[in-house]
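Below you'll find the structures, each written out as structure tokens.
Two complexes, one shared chain (chain A), two partners (chain B, chain C).
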Partner chain A sequence: MPNVRVTINGVEAAVPANITVLEAAKFAGIEIPTLCDHPAIEPIGACRICLVEIEKQRTLQPACTFPVFEGMVAHTRSEKVVEARRFVLDLLFSERNHFCMFCQMSESCTLQDLAYEYELDHWKFNRPMPKFSVDASREYFVMDHNRCILCRRCIRVCDELVGNGTLGLKNRGADSMVTADMDVPFGESSCISCGTCLQVCPTGSLADRASAYMGATAQIDRVKTRCMACPVGCGTELIVRENRVIRVEGDWDAEPNKGLLCEIGRFVPLHEKRNRVRQPMVRTDGDWTEVEMEEALGLMNEKMREAGDDVATIVSGFVTVEEGKALAQSPGAKYLMHPIASEQSTAKQADLDEADLFVVVNTDMTEDYQVAGFAIKRGVRQRGARLLLINDAADGEAADGEAADGEAADGLGDWAMRRFGPEDANQAVSIARGAQMPVIVAGPDGAKLATELADQIPDAKVLIYTPGGNSRGLYEVGFQEAFEGQEAAVYHVVAGEISRISPELLEQLRQGGTVIVTTSYREPWDEVADLIVPMPTTFEKSGTTVNADGMVGQVVVGVITRAVPTNEIFNSLAELAQ
Partner chain B sequence: MEPGYYAEMDPAKRAMLLTALYMAQEQYGYLSREAMERVGRRLGMSPREVYNTATFYSMFRTEPVGRYLIQVCEGLSCHLAGGAEDLVAHLEDRLGISAGQMTGDGRFSLQMVQCLAACGSSPAMRINDTLYTNLTLGQVDTILQDLEGRP
Partner chain C sequence: MTFEPVLLRRTSLPRSDSIDVYLANDGYAALARALRDYAPGELIGLVKASKLRGRGGAGFPAGLKWGFMPQSDGPKYLCVNTDEGEPGTFKDRELVEKDPHQIIEGAIIAAYAVGAERAFVYIRGEFFQGIKSWIKAIADAYARGFLGQNILGSGYDLEMSVHRGAGAYICGEETAMISSLEGRRGEPRLKPPYPAEKGYWGQPTLVHNVETLANIPHIVNHGAEWFASIGTEKSTGPKIFCVSGHVYRRGVYEFPLGISLRELLYEHAGGVPGGKAIKAVIPGGASTPPLTADQLDITLDFESLEGAGSALGTGAIIVLDEDTCMVDVARRSARFFAHESCGRCTPCRVGTQRAVDVLEAIEAGRGVPEDLDRLEALCHGISGNTFCPMGDAVVSAIGGTLVRFRDEFEEHISQGGCAAPA
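Moving on to the complex of A and B:
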């Protein structure tokens, strides 16, 4: 791309010819305020706060949409510009209710910061002060229309990034209002609670229930880390105040999610209802007694020594590579809680944003691996990529009654061009043959079929997701077999925060043997365990995790706890094996 | 003619949205949720997008109106001609409803609109697709009597 020469506030710079004045100013180290613009989405020039003076232009121009040109001379803080921005702010503040002192986003709000910067010390215009409703029908966050400035960031991220298209704008002009679907309460809409709208709102209109009034920008720290809930392996930012995580946001700089998160990564950890394990607990005659760590370790060692090699260690995807390495040295057999097939992946998750055809086999990407599902939805909606679904429910013969009509089984149904049962997979092959860049995505039950299909479709790449955030990392340190009911005298389950546990596993643990569970939460393990040992959550530990396509992510401590690091516990078990 | 007719003609399906909405409104009198969903399906758009567009334009209706929709102009010319206010008051009186309402039997709706492009022959009103100009209160009575006799 050729460069053009521009002068902004007297600073000369050579910038790429295809960028906007806003981006050029950033190049030159000059900041221009924005409200409706956000780097992750397309600019629309709606709010007019980024107006700048460009010589030879009749009027002020919005920097976010105006392209640079050779010899452009721009002024971003001239008297005319400052006056115009103040006018824009006067109008914004006059339209709805912007009493900052009552707002949970006070001191963390772009609109408020601008009002101070441009010295708004009174209301210039009479305010109609309409009273709008507050939509509190969603579990994790609420929408207060009174604080909305109609910048449409929420609408655009929902459509452009998440591909869900739930949010929209009804009516026109002063009557405009952000609405969900055909104007239903947000909680009853097609919203999937990913919270991306919440993360980009520049005012206090979208308010997080967990962190409202809990800490303004100056009082918080941001810690970049990784989500371990699934093998997409999203980069997250923990918002920490006084050693407490008050909110989780998507890390805009991180692959593969580029700022996006799903309900499970963003909200579930902060709305956890289960009881936290802080102290080791021993079950004696059916009752739980808290004991000191030393005693618990002694008991653990004793049970394992008695069992010799007849020990089964079962790890969930919440176990880091480092924890896994230490556990791999302990006695007995080593199992993953879930089957793993991600090592057969030939695609990178970034390929989802390039593909012109998706074949999704036996997994519901709107339930599991959601952020990867967003990429598929985006591809279908925006690039016109085709989506073929192959699953057991599609032929209407699923054993599960709910899925019998083939609808409930896959939330991506609305996006799909065709749906097939596994026995009709050859039909998918014939459609997929013409694709330039086909990507086959599969869950654990579809891995075999997916690799078979890949052999028949030219240039097809495969991406296999299996439950467990770090399953692939644990596979690489020696946990290669899935637990399928193998019997042992002592079971050591290393669970972390995992909440979805197969009934078969719980049933087997209930049946017999000594059950030791290292876990962050009591439930459901207190039904089956004999000894429970505390384990830090992802927020509380550091380590390494490997996602579905083999990318290594760093888990970083956000909260410091008094708990004994699990590595120490696991290393003491390793000594037994020698 | 089905809205889909145009969709098949034009590769840019969504460009047909306003036409399709207009046709649906002609057919049903207003744009029901079902009608908007159906238009969306035919044009490959989500019901949300259709709804947002329909509410943007003031001449699309998303609520039912009476069999006869009476739109009285309150634009500048009609106002200056001295007719609009009297006209509305008279209609409200005759129909027993206020502007913006529908009669209980679902036969008449009364609305105020900004301009009917008949400034030269104000005051003006429109009933469904028929424009009435240079109106007097007596003429309004005659028109209403005629409509009351119709199905």
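Moving on to the complex of A and C:
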């Protein structure tokens, strides 16, 4: 892209020719306020707070949509501009209820910040203050229509980024109202609680239940870290106040999620209802007794020695590479709690945003690896990428695209062009051959087939997702087998925060052997364990993870605890074992 | 002035809406000629030479717009704007109900000239009769081979269909109309790109008002020179004026552009009932600023009205006699625009609401002197700062009235309400 020369507030800059005045100003280090615009979505020029003066233009122009041109001279803080912005703010404050002192987002609100910046010290126009509903039907956050400025960020992220299209506007003009689906309560809508709308709302209209009133911008720290709940491996930002995580946001700068998260990454950790394990606990005659770490370590060592090599160490995806390395030195067999595949990804997750054809093999991307699923939906909805589904549920039918009962479970079903059973995979190959950039996505059971298909489709790349945030990293440090009921005298389960546990595993642990569980939460392990050892949560530890495409992510401490880091415990265990 | 009507020539004939009456009165002769004698580019040249300007309100030169349509092979579309929502305007309705084939013929010629393969008629939902009329006329035109495949053996194909709007004024704005046609929320889109570049589903689209298209067959039949000889130098051709308000004979009148307002009102429309004086005339629909009584000798064409600080708009002339309360006029306009704002941009969505608040207060006798500053601040703040031209329409209507009749507003405030006879 050739550059053009522009002058903004007297600062000269050479900027790419295809950008907006807003982006050019950023180049020149000049900030222009925005309300409706957000860097992650398409500009719509609606709120008019970003109006700037551009020489030779008859009227002020919105910086967020106006393209730069050679020789452009712009003024972003001229008297005219300030007057227009103040007018827009005066109007926005007159439209609904903005009594900041009663608002949970006060001091964390872009609208309020602008009011201070532009010195709105009185009401210029009358404020009829119509009363609108507060929709609290959603589990994690509340929509207060009384604070909404109709910037539509929420609607646009739901459509453009998440590919969910739940939100929209009803009515016209001043009666416009953000709504879900065909005007149902948000909690009953197709909303998947990913919280992206919440993250981008510039006012107190969308407010998080967990962090409302808990900390304003000036009182919080932001810690960039990684989610360990699934192999997509999203970058997160922990919003921390006084050593407590009050909210989790998606990190806009992080691959592969670019700001997005799913319900599991954003909300579940903060709404955890299980009991934390802070102290090692031993079960004696059915009762739990707290013991010191040293004693617990001794017990673990003793049990493992007694068992000789007949120990099974079973790790969940919440175990970091460092924890895994330490554990790898302990005696006995090493297992992953989840299914694993030996096949490796050859694509990057970023390729999902370029692909013109997706073949999804034996996984429900909208359920298991949601943020990657968003990218597939975006591709289908926005770029017209084709989607082929291959799964066992589609066995023996569906060459004609008819949905079988089993497939209702696949959240991408509605988007697919065709569905096949695995034995008809050759049909997928023939469709996929014409694609410029085919990406084959598979769960653990589909990995083998996916890799075979990739050999037959020119330029095809594969992405293999196996459950667990760090299963790929743990595989690399020696956990290469999935636990499938192998017997042992001592089971050491390293669980972390995992909550979805297979009933078969629990049943086997209940049956016999000595069960040691290293875990952040008591439940459900207290039913089956003989010894429970505390483990920090993802918020409390540091380490590395490897996601589905092999990218190494850093887990960073957000909350400081007195607990001993798990890798130290495991190292001591290994030393004792020598 | 006596003038042999061009556009309304057939509307007084019995069953003027039928294809047989149309055919018996030169109907579709222009189409045959256009397809036989003209290459598309020549038709564009012809319309340019006629200096025909759009009749939908903005007055953009039609030939120029045709020329903006790319010559590429991809799909191109024509949209026939029958949304006619501008208060005071009822000319398109007359044409659609009484002489739909004249519009269809113009539309086919326009579509052929720009290479469009499909034409959409967008009609406001309240025009029940117009919708029926369109549907019947299109079906008849298909049946006689004027629409569909290989029109009149020329090898040119054109499909045409009718789309009903749901009663939003903003859907008359061309990009909002296109959004609505696509099944989206009826809201304007960013311009540029203009519809001629990226319109319906991103393809080049020509949008025209009904009356603009109705002129096309006549230009083809009688030539650009004949057309340009009607009207003034820069405002050529016949124009349908919709006269309403305080006059004896309200209705549609066709005259050359450039007719004097006084002549139209007093000689043709019969003057003001009760011999009352005129206080103001809104010359081009609710979005144009009113003229005052001393401006009645103005000629009705694009340039004179612009020169007088108003606009020809749609040619909807609303006459207000000496008893009219101008605050009430402004209040009604404000209410209209507040109700019709699409809600996308802050200055229009909220600004019109605040203007209604202020005007209602003044009208009800609750006004304070600062309210006039507020009204001015609103007009100033909305003007030029909205996403689409509707904001400027609001300012023309409210600000235009305030500027010209400020004393009436002040009187309302100082006397605690309206002194005009109820």
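To be clear about the criterion, the second predicted complex is superposed on the first by the 562 of 578 C-alpha atoms of A that agree within 3 Å, B and C clash if a C-alpha of one lies under 4 Å from a C-alpha of the other, contacts with A are read in each partner's own complex, and residues count from 1 in each chain.
Please note the rule applied: a contact is a pair of C-beta atoms (placed from the backbone, for glycine too) under 8 Å apart; a residue touches a chain by one contact, two chains touch by 3 or more.
Note that the structure is predicted; figures quoted are calculated from it, not measured.
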{"item": "Clash-or-fit label for the pair chain B, chain C on chain A", "value": "clash"}
{"item": "Touching partner for A:Ile44 - first (chain B), second (chain C), both, neither", "value": "second"}
{"item": "Touching partner for A:Arg172 - first (chain B), second (chain C), both, neither", "value": "both"}
{"item": "Chain A residues touched by each partner, larger count belonging to chain B or chain C", "value": "C"}
{"item": "Touching partner for A:Arg58 - first (chain B), second (chain C), both, neither", "value": "second"}
{"item": "Which of chain B and chain C A:Lys334 touches, first, second, both or neither", "value": "neither"}
{"item": "First (chain B), second (chain C), both or neither touched by A:Arg147", "value": "neither"}
{"item": "First (chain B), second (chain C), both or neither touched by A:Arg138", "value": "neither"}
{"item": "Which of chain B and chain C A:Leu92 touches, first, second, both or neither", "value": "second"}
{"item": "First (chain B), second (chain C), both or neither touched by A:Arg266", "value": "neither"}
{"item": "Steric overlap of chain C with chain B in the superposed model, located at which of 1-9, 109-117, 163-171 or 289-297", "value": "163-171"}
{"item": "Chain C-contacting residues of chain A that also contact chain B", "value": "168-169, 171-172"}
{"item": "Chain C contact footprint on chain A (complex, rising order)", "value": "44-49, 51, 58-60, 65, 83-84, 87-88, 91-92, 94-95, 124-126, 128, 149-150, 168-169, 171-176"}
{"item": "Contacting residues of chain A [partner chain B, same complex]", "value": "165-172, 179-183"}
{"item": "List of chain B residues in touch with chain A within their complex", "value": "33, 36-37, 46-49, 51-52, 55-58"}
{"item": "Contacting residues of chain C [partner chain A, same complex]", "value": "168, 170, 185, 190, 338-347, 349-354, 357-358, 374, 377-378, 380-381, 383-387"}
